[in-house]
Amino acid sequence: MSGPSLRHECGVFGVIDDVDAARTCFLGIQALQHRGQEGAGIVTREGDALRVHKGPGRVHEVFDDGALRGLPGSAAIGHVRYGTAGGSAPSNVQPFVVVTRDGPVAVAHNGNLTNAAVLRAETEERGAVYTSTSDTEVILHLFAGSEQRTVINRLVDALRRLEGAFCVVMLIGQRLVAVRDPWGFRPLVVGRRGDAWIVASETAAIDAVRGEVVREVEPGELVVIEDGAVESIRPFGRQPRKACIFEYVYFARPDSTLFGYDVYGARVRMGEVLARAFPAKADVVVGVPSGGEPAALGYARASGLPFAHGLVRNPGVGRTFLDPSARSREGGVRQKLAAVSGVVRGQRVVVVDDSIVRGTTSQAIVRMLREAGAREVHLRISSPPMTGPCFYGIDTPDRDQLVAARMDVPRIRALLDADSLAYLSVELLREALGMAGPGTCDACFTGDYPLQPAVPGATAQVPLFGPAPGAGAE
Amino acid sequence: MSGPSLRHECGVFGVIDDVDAARTCFLGIQALQHRGQEGAGIVTREGDALRVHKGPGRVHEVFDDGALRGLPGSAAIGHVRYGTAGGSAPSNVQPFVVVTRDGPVAVAHNGNLTNAAVLRAETEERGAVYTSTSDTEVILHLFAGSEQRTVINRLVDALRRLEGAFCVVMLIGQRLVAVRDPWGFRPLVVGRRGDAWIVASETAAIDAVRGEVVREVEPGELVVIEDGAVESIRPFGRQPRKACIFEYVYFARPDSTLFGYDVYGARVRMGEVLARAFPAKADVVVGVPSGGEPAALGYARASGLPFAHGLVRNPGVGRTFLDPSARSREGGVRQKLAAVSGVVRGQRVVVVDDSIVRGTTSQAIVRMLREAGAREVHLRISSPPMTGPCFYGIDTPDRDQLVAARMDVPRIRALLDADSLAYLSVELLREALGMAGPGTCDACFTGDYPLQPAVPGATAQVPLFGPAPGAGAE
Amino acid sequence: MSGPSLRHECGVFGVIDDVDAARTCFLGIQALQHRGQEGAGIVTREGDALRVHKGPGRVHEVFDDGALRGLPGSAAIGHVRYGTAGGSAPSNVQPFVVVTRDGPVAVAHNGNLTNAAVLRAETEERGAVYTSTSDTEVILHLFAGSEQRTVINRLVDALRRLEGAFCVVMLIGQRLVAVRDPWGFRPLVVGRRGDAWIVASETAAIDAVRGEVVREVEPGELVVIEDGAVESIRPFGRQPRKACIFEYVYFARPDSTLFGYDVYGARVRMGEVLARAFPAKADVVVGVPSGGEPAALGYARASGLPFAHGLVRNPGVGRTFLDPSARSREGGVRQKLAAVSGVVRGQRVVVVDDSIVRGTTSQAIVRMLREAGAREVHLRISSPPMTGPCFYGIDTPDRDQLVAARMDVPRIRALLDADSLAYLSVELLREALGMAGPGTCDACFTGDYPLQPAVPGATAQVPLFGPAPGAGAE
Amino acid sequence: MSGPSLRHECGVFGVIDDVDAARTCFLGIQALQHRGQEGAGIVTREGDALRVHKGPGRVHEVFDDGALRGLPGSAAIGHVRYGTAGGSAPSNVQPFVVVTRDGPVAVAHNGNLTNAAVLRAETEERGAVYTSTSDTEVILHLFAGSEQRTVINRLVDALRRLEGAFCVVMLIGQRLVAVRDPWGFRPLVVGRRGDAWIVASETAAIDAVRGEVVREVEPGELVVIEDGAVESIRPFGRQPRKACIFEYVYFARPDSTLFGYDVYGARVRMGEVLARAFPAKADVVVGVPSGGEPAALGYARASGLPFAHGLVRNPGVGRTFLDPSARSREGGVRQKLAAVSGVVRGQRVVVVDDSIVRGTTSQAIVRMLREAGAREVHLRISSPPMTGPCFYGIDTPDRDQLVAARMDVPRIRALLDADSLAYLSVELLREALGMAGPGTCDACFTGDYPLQPAVPGATAQVPLFGPAPGAGAE
């Protein structure tokens, strides 16, 4: 998949006891840029004061040197997000900074609460004033409204009410706090660099700041770091582990280690399994850059066919497409990718991608390969047909836009004009990952949702904030 | 006074049942631009949804045609403010839009609560989550947290807790709401245009949209407009009227009618009274544009001396001054004003201004007139010496920066290098206005403060939001 | 006239031997802002290198402190202009910087060459490459293409070919050069400040930098300043003096001394003469801010009627008007001006303006005064009916848009809905100025054009540069 | 090489007889973005008028939909360039639009004239007025100043004077003109799409607009397209072919066909030759994205070692680096690239890159691979040591910054801390390309310069234009 048809719902980063927390945080969220390209923010703490800088766009668009100089302090949290389509009032861009009886608090959140609508209604009834449509604010109101006596007890009180996927980092008082939901849908890891402690959505962000990965924040764990001491709290009852299988397929960086497994290696193995299960009589294997390339290499290795760079990225393309053609999505693909005719001309080509969402991208790719002279195009997908939306933190299209929810594989093949088409099955995907089935969430492929939204679609009734309507929950 | 040494703390505007509420509101707040040039915003309601557009800068800098097209609906409130020095997180720019159990609510506020710190601490204790340092948010938390059963009762409950100066306009449900504090510090008026109802800080804003002024919102009155019906509620106990006398002297537009009196006429009369009390042997009377010109004309009329335009504005100057000289404030005056030597050369000049704050502007003006050839310069001020700050909605400098708090009139004269200097007394000012003394607040001249801040300086302990620290209360 | 219906074609400024030439030049062109608000630029010379910063917009929009810091050097020229409506290729914004065999040359020009089309065709035929539609470039090509041996002789050679209105400042080598056409249509003066020499379109710009006015650059004089020495050269044959009478009426700043006369005093006298020639039975005299106010004061003095501020500017209005009404020009006036009903209600009002161009502004003003309660409105104009365009440096509308070219005074009065209307005659205007007739250019009132464009309308065949078509000649 | 240490000097594109020439041109120059990322522009012709839009930055930053709508017409030329570091006067951004006796002319140029200084001095002596430091303007002055009778003869006259590398596209009258220098240093091709004719620097740009490549513009050929007819003119004497070998190594897109050869295939072959000449005892082969990947794949194929993605791009990095470390260039590499420890940990790694310029990038890459766990790092470069600058259109650093000009291979290996280091020799590079030696320019590797600059360094005496000094020649 060459572009953001599926958009992750955020990445988080936090650091404490660092000489220049803002710059470390900047490098950290930049390494998480793939998890959210529509908004970015950093909050730092110096003494008792919090300072925030955030805005729509990518990390390097939001921050410059002056912005970082305006963020002094030894502790910071940062966030990247999808969902804010510009506009002058991007009230959902995180981190949030508020003042409660416990003083200033900053929070950043990756995930999606399935009981957000219920909790929101309940807190509103008690007098809560909401300034955004974000789930994150629900957590803050539960925290501020708790009748527990201590800060940590109020936080535990709030967290126990939550259902769904959430990885949260906070600055409260002199603490850096990180919490991961008991199902463990999304990744969250702890690292160190010298005296500094780091938390991040992915290990690659810790590598990017030249830190060392220490361990995962466990599902259901609340980590509190203060005065150089790390406290681990378990506020939740035990839940079955539900690690998102799609992080492996598409979202996580190839250089991250996820839930204990090397992502790049897993993707190569998916291609190997795919080759053994769905071979093709062909001359060359190409991947769709950049997500499909590791699986393409695996497919080549297992099949004995040569791997080559038959599709390349156009380095100069921004995110706005000014294509003259009516088929604008395809136009977008054509501006981003190009087929290398020296590789594919006259060849029977296996093209490997990580997933198909709407089908428009794949359709364009098949056509481009044929126009560049490919004799046959065999499409191989290193994940199962996606048949349902995600309720746990990935912003998938509605079900009726998912091509695999509307038609079976032969009809998809015909639609895409491929000579053959095959997907990995869920079983083969698990085999490639070497993971036991029950430990993963694969609801988007199987329909087997571990948790249901309490009031599905309730967010649609929330009024708009700003001329450009903000997106749904975090 | 030629510039913003004293800065008003905002103007508000609201309209309901209008065909294009955003554009009407735009024209309205543009006519209130003198009350706040550092931030502007409009919220409109269409059906149940609120949309907001706001940002730092002047009205025409914040809004363009696209912004107005993004604000559909038949009801709107708008706001102009001082106090936001730019930065990427101007969290204090109004109106605020929040969601409470009563649904989306928008609020804009002109004034300053003297018991804000107490109320803020109290609501935080009950679990309130604050997102700004603005007094306005206190009102929202009191409203959302009230245990009364109806929306209006919750609002009344909240308003009764407030002390200080406040003119508030709100959109709640299908209502446009306006409320003025029981002392009546700041102006607020009601108007009509066809079927539409309008509320505004000044009558000039109603004129600007070609509406008709109906009446003042009375001190202590809560006006609720819904379905074309206007309801008047009196939530407060009776308080002595404390109309700000400085609105007449400086702040209000000359074409407004304030507290029932014509502002321009009042300013001319101040000059007349000043001339009779403090005559000068001179050849010509000039005013400091544009605030001092009506009083200069009055001075000329009463003294029989000719009035002339001896100081003119430089039309092309922005708000940033890039003067090479070290005396930068004076440099600012020189870029904004110029003396007309054809008027003042060889003449004994009476120059009339509305007020002296720090003294730097007056000093520059006297020097400019002398350099342009004036033989004598007699400075006349159409208000009393300003000796104390305002706690009721005007952003005055600290007392130690007020020249009249540090020295007496003869020393000020010497400092400014004027041949003579005279101020109106409070009694003569009241005489000119034709107002009875007890009905006005003249604390900045007399030190007779009707209400004291509950915890003076408490806001200084609130942590900063954003790299550019937000200003104080609204 | 309240706005830019007539737009001057630029202001120029130059300084040499100054410690911070860029900042002096910034203050100087800012004081000339009224002569051109659509583009601004400064070129400085340091050693042999020239540096330029220019762009669309007003001086304070184009320059900030960083821009000035990027312009080191002890000599500078600057320019303000009308005519560039934004766009990414404002190729006509001045000063121009080019390289010729004489090294880098910078030039800024105020005026309009009547033989530009002929000279352009001639230089093109010899191989000249044009990069703009500006007359200024014609001068450069004549200079660069001259076969004379010395720099000054090449310049003289070029200047002798020019017909029309031109005030030019240049940096060539180590020289600051200023030249004024032999008819003297536009003003140009020389000043000093310490060791620095200054040239400027108006004396007010020299005052603004605290310099002293030395004298006019004479019509037909070429001034060359180098190494502290000032050389005066007379390249041209003698021509009859043709000082633009409209500079007095409208364009020049009131605090400038123009062609030896005080502008403000002249405008007051125009009002006095107007009152004696065209009295009105009325109660009060008001001026249209700010151009009409001096003449209104003169009218009041001569008639014995009281002067008052019956129209005031709205301080907060930018240059873009977002009025909901279809009558957009009138809407623009309503956003910029407001009537003070305390002054005009129930009164017979004389309203004085400096000129009428299209009539739309006057129409709006009469209507506003009536809506504010004026019983009668008597309009008095301190200049004659404008019946023809200017070919000498003022950007007037086409003749068919000039209301006085289309109808006589009684019909204009009816169109404007005034109770009476009178203009000054050309004779009375000259009387007010105290100038002998033959010395002035009054072609826009009389049709008596001293020079005709060689190929009228020829510039219309020049192709567009940039998406936003550049305006005509400088 | 992962970044722009070597920066190409531009790409050109032209189209005629197209329904929407601006959009076609936009897509074309976007596909040439790798040839110049610091400035972009398009000129269109509609009837006799030319319109231009250009500015600093990348294509998608300079153009939006509004900009394209402002460029009507059926013919267009476009340009991308390096060398403009921002600033308000980017006078060197192309295409240039000028007016000569032949009417409006637009020109865009890729290359570098070795006799520019001589030609510039000569034309200045004849009266030419230069507005930039660009070589392109020299061509225009020669053209405009020619005494030949016809447009084409004037152009031929001008072109015959030029020495060096130049690919030029022009709009003159109703013609689209393209010319390539007689040595053929830079690529230039002709294509068709329906009735439209296209010229472009690379075939990939023709593919990007779904056109068909027709043929190269021959070295020394002037192509004139008008009224659907294509005329080929040979203005120059025959010269030895000097096709830039570095286009193959680094600059051209992998999906382009260059001088008749498939670029991707050539790069794979370079890797194969490299493997055979310089084998390494290793476990895995990785390429430096994206330039080094084809050669890495070739190395893997020929050596039998597995290829893997051991270095990946960070997708979210902009062009400004805010790294905290003092070693900022290395910091830049770390922000752009990451090592995949799952691939390299415990392995002996062959890492293949296309070139080494300063050595800082390679140094950072070796260190990153070691930090990610690589046991050994063997660096292989698919081109010879670069020992000299390019005078024919590539913006190389000065010789003393080229690491291979300062030290031999063993010392470079030590500097980079690689376990082994090998470069391709010039002979092996030619073997890989299958090209005969005399037909290529390999001066940057061999010092064998086919043409010398007439006055080396002469451009350094040209004064600066604008605060941000413009870069050298095109």
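Side notes on the structure shown:
Per-chain residue numbering starts at 1, and chain names A, B, C and D are given in the order in which the chains are listed.
FYI, a residue touches a chain if its C-beta (ideal position, glycine included) is under 8 Å from a C-beta of that chain, and two chains touch if they have at least 3 such contacts.
Since the structure is predicted, the reported quantities are computational estimates derived from the model, not experimental observations.
Touch-path distance (fewest steps) from chain B to chain D is 2.
Same-residue interface: chain B and chain C share over half of the residue numbers found at their contact.
The mean-CA centres of chain B and chain C are about 36 angstrom from one another, to the nearest whole unit.
Between the CA-based centres of chain A and chain C the separation comes to 60 Å, rounded to the whole angstrom. Distance between chain centres (mean CA atoms), chain A to chain B: 48 Å.
Of all residues in chain A, none touches two or more other chains.
Touching pairs of chains, sorted by label, consist of A-B, A-D, B-C, C-D.
On the side of chain A, the complex with chain D involves touching residues 20, 23-24, 26-27, 30-34, 37, 58-61, 63-65, 68, 80, 204, 207-208, 210, 253-255, 257, 262-265, 268, 290, 293-294, 297, 301, 306-309, 312-320, 322-324, 334-335, 338-343, 371-372. Looking at the complex, you find that chain B touches chain A at residues 48-55, 67, 70-71, 88-89, 96-101, 103-104, 124-131, 137, 140-141, 144-146, 462-468.
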